[in-house]
């Protein structure tokens, strides 16, 4: 497998910039740190596939807090933590808990990782995760906790670093390395879903990340389906710096034309999410129902934003890599009309599963890199001990 | 303890028919595979009782999906998996999820075992479990997962192989070996419960299993309390082949007469379950309530189908082994009138606990036998290492 | 760190009075057993802080049963059990389950620890925990289980031994040893909370415990805010025996005057809890709502029972140690008016987190001391092996 030549590429001990860090947004990380996570994820997968256990913890707790159900990410977090030897405690903590210090403090007494998924509230969600993260750092400084857990954003209003680094690594494994992504065309496009209220974390996170690696990025969305304001600027700036391009269009066809990679994904417009956040703060549940109803009615005019076999034909040699942070809304399988047809979905399901299958390894990589002062030595020890995962 | 002379009796490496297999129904398994599971369960229990840890996994995940609460089986699955070193993730996945490939795929990314309990829908429940199982196999073939989890049916509309193999092993331990069950009379009889909506898995599974070992099996039930059509034929065929007998009666007394083993258990008639499945598919909840009400009213005429001390007196020397997949509905303890009196229950509670206490070991045995290419060698290693479970 | 010179102070093998025991109430334990738990908790914390793993289980299950959510104690139980190598299974079992033998039996099949939190019903809650505990002992005697789990009360109507021993150890670490608590003044005082229905476990448990160590204990509460009748006598008897004092007052100021330690905490009066238990038994939910409404209305006259900076000024040098089994009801943070002001809370949050941070270690200590025939040898082995918790 590509991109996991870990012992050569990992930073030396004195340069491990991730030691003691948290993972809230990829744009707070350096390119080389992102590559370290991707490479380490790849290496961890290779080890496990060969039945070698990369367990670095003899005991330890990982705490997850999901504000709403996300079975896939919950499994990913649990699996990734288990791989390193951590036991998962699920707290299902909701935003709105007024006493973050206590929550964070108690959750981190003995935790080596804190995974938080909280995406429903514009600005508030990421501020909540940031405050937990700050509070954990204070708890360490003041001696409340001897070892700081690594705080991982499992999906906020802004970003989903686990998903996007998993995607980066998956693309790297398909195209022969991160360096080979340079010049590849990737289409990130809005797609229709009858629900319509998905968060912006993945599209925003993807645009913010892939533009850093010299890709030709096209964002396609119907008029009004805006992301958070800062995203476009960040994507442009990244592209300019990395030697890639960033373009926007309101045509899925245009985006798909000759694309190497396509990422159809539904999201709710920023203006809707902003308004819903306000209504929620004011406890106006009835108006939220109304607002969501209006959104769904409005979305119906974009019902043709669906990936069909014809649409896939337009891509590079008709064989673009299709990516999605499943579960997807699939026409005739999970709904009457969705993000893609059943044919397209069925033709790509194995790849989609392999893509999201990277998530546990990205999570494990994040924890390993933040907990090990010398990750290179840790990998060396794991390889040399070569403990069988099962016999 | 009987029946756990594991090193002599386990199949050689080249004959381990269970490697890579799943456990959906006992009638898809050979006699010798069933005996291997029972023997291995016994051996695992003996090891643990001597404080020897049979942990074969250094890390790993077991995923459970229960469509409704079943505290006993949940604990059994968790305990059995933990014994081998697996961490349990509970998904509480409901039937009706339209996208089984995704569910199965994500659940099995890193899982070594998938336990599924889904019994409410005639035909649909077992089809659901089968589709998960097929999907997991496809995921392995296509390289989505490097190691296939063992899929275990923890209770379907058809069978409950964990419970019935646990029962087989428990009977074997009480009568000096599976071979000694030959010629023993076992009465599987319907018993009254105020709820009345229990699934058919256990009575059907028991009849299908014990008839294979030369027992004299009597099924007693009031008129109309039918099982699924195929069960009677299977029981007859099995009995004919194994040198046992299979008879039906509508008298609990007749069934209990001179019985070595009695299994009083409530179940809902097949016709009711079939109708409820239809109403559920049509989303007719009100009619389901009505249907259940009618069932309970109808059941009241069978309120005397209760195991009393007098009834127990009729059994072989008045001392038949009483079995039940507890929790039981006990008169004066959990209800006004139930499957057995408090006296009978209290006189047998230790044995009932020992019986269901075999379940974790059966689950562990299933996983060990499907994950180890050479289970004999695995047991040898466990015995020789003799790692203390705790010090 | 003080008080954890474990190898010198732990009882010799032949005197380990805790082997095979349960932890329901501190007043059933000897002083030396309580000190053993406190010291062992301290030692376990010291080991973990030095990255040494005190894992004594290779595999094993700990079952928790919480009748209502208590995130802090759930995390403490999970963390403490994990430290020793046990996996946590959460049963969320409610009081009212009629068949305690089955529950206890199934929960203890393979469990090494059972943690139960059930505090809502006067007398019934502790009787429930006692019956589980008795039932587990019977299961062992009759051979149903080979190894008895340690039953731990995580909060009942009477006591909360984990919290109070954690508090004892925390005070010991702050004042240089348990022996230095002699003569220190501790004020346990009722404090206002808008909810008002908290259980009596912590104030009762604290009074019953700290009076055994020669402290000068003052209990302050508004008229009518009574504890269970037996508590006052026990506190008086303990104080007389230990050379301390026990006094009661209806003035928070008086209690705080020159105090070394203050413990502001809300509780519901015994008479209210007794009445609510009766109404609950009679299924009179509407009257419970009414009763709780009356309690809250009545409590409003005591809204000034709030710890302010002025109140803290009255304590010894204005610097008393403030303790609370967080989460606390804090004015302007979690409510309009609560047990203490935000200033007081913020000035003490680190200490509060350290205090409750002792709970996981107390739980681990309890399990280790009851499972190890020779805890001294166990600690020696842990120290000598010095397995790194993570690398």
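All chains are identified by letter, namely A, B and C, in their written order; residue positions are counted from 1 within each chain.
Basically, a contact is a pair of C-beta atoms (placed from the backbone, for glycine too) under 8 Å apart; a residue touches a chain by one contact, two chains touch by 3 or more.
Computed from a predicted structure; not experimentally measured.
Enquirer: Could you leave chain B out and let me know how the rest splits into touching groups, if at all?
Expert: one piece
Enquirer: Examine where the copies chain B and chain C touch and state whether the two sides share over half of their residue numbers (same) or under half (different).
Expert: Different, since under half the interface numbering is common to both chains.
Enquirer: Counting only Cα atoms for the centres, state how far chain B is from chain C in Å.
Expert: Measuring from centre to centre gives 40 Å for this pair.
Enquirer: When you check chain B against every other chain, which residues touch at least two of them?
Expert: In chain B, the residues touching two or more other chains are 85, 87.
Enquirer: List the residues on chain C that touch chain B in their complex, please.
Expert: Spelled out, the residues of chain C in touch with chain B are 56-61, 63, 85, 87, 89, 91, 93, 98-99, 101-103, 105-107, 109-112, 139, 142-147, 371-372, 378, 381.
Enquirer: Sort out for me which residues of chain C touch chain A in the complex.
Expert: Residue list for chain C touching chain A: 48-49, 51, 53, 55, 71-72, 74-76, 78-79, 82-85, 87-88, 326-328, 330, 333-334, 349-350, 352-354, 356-357, 360, 387-391.
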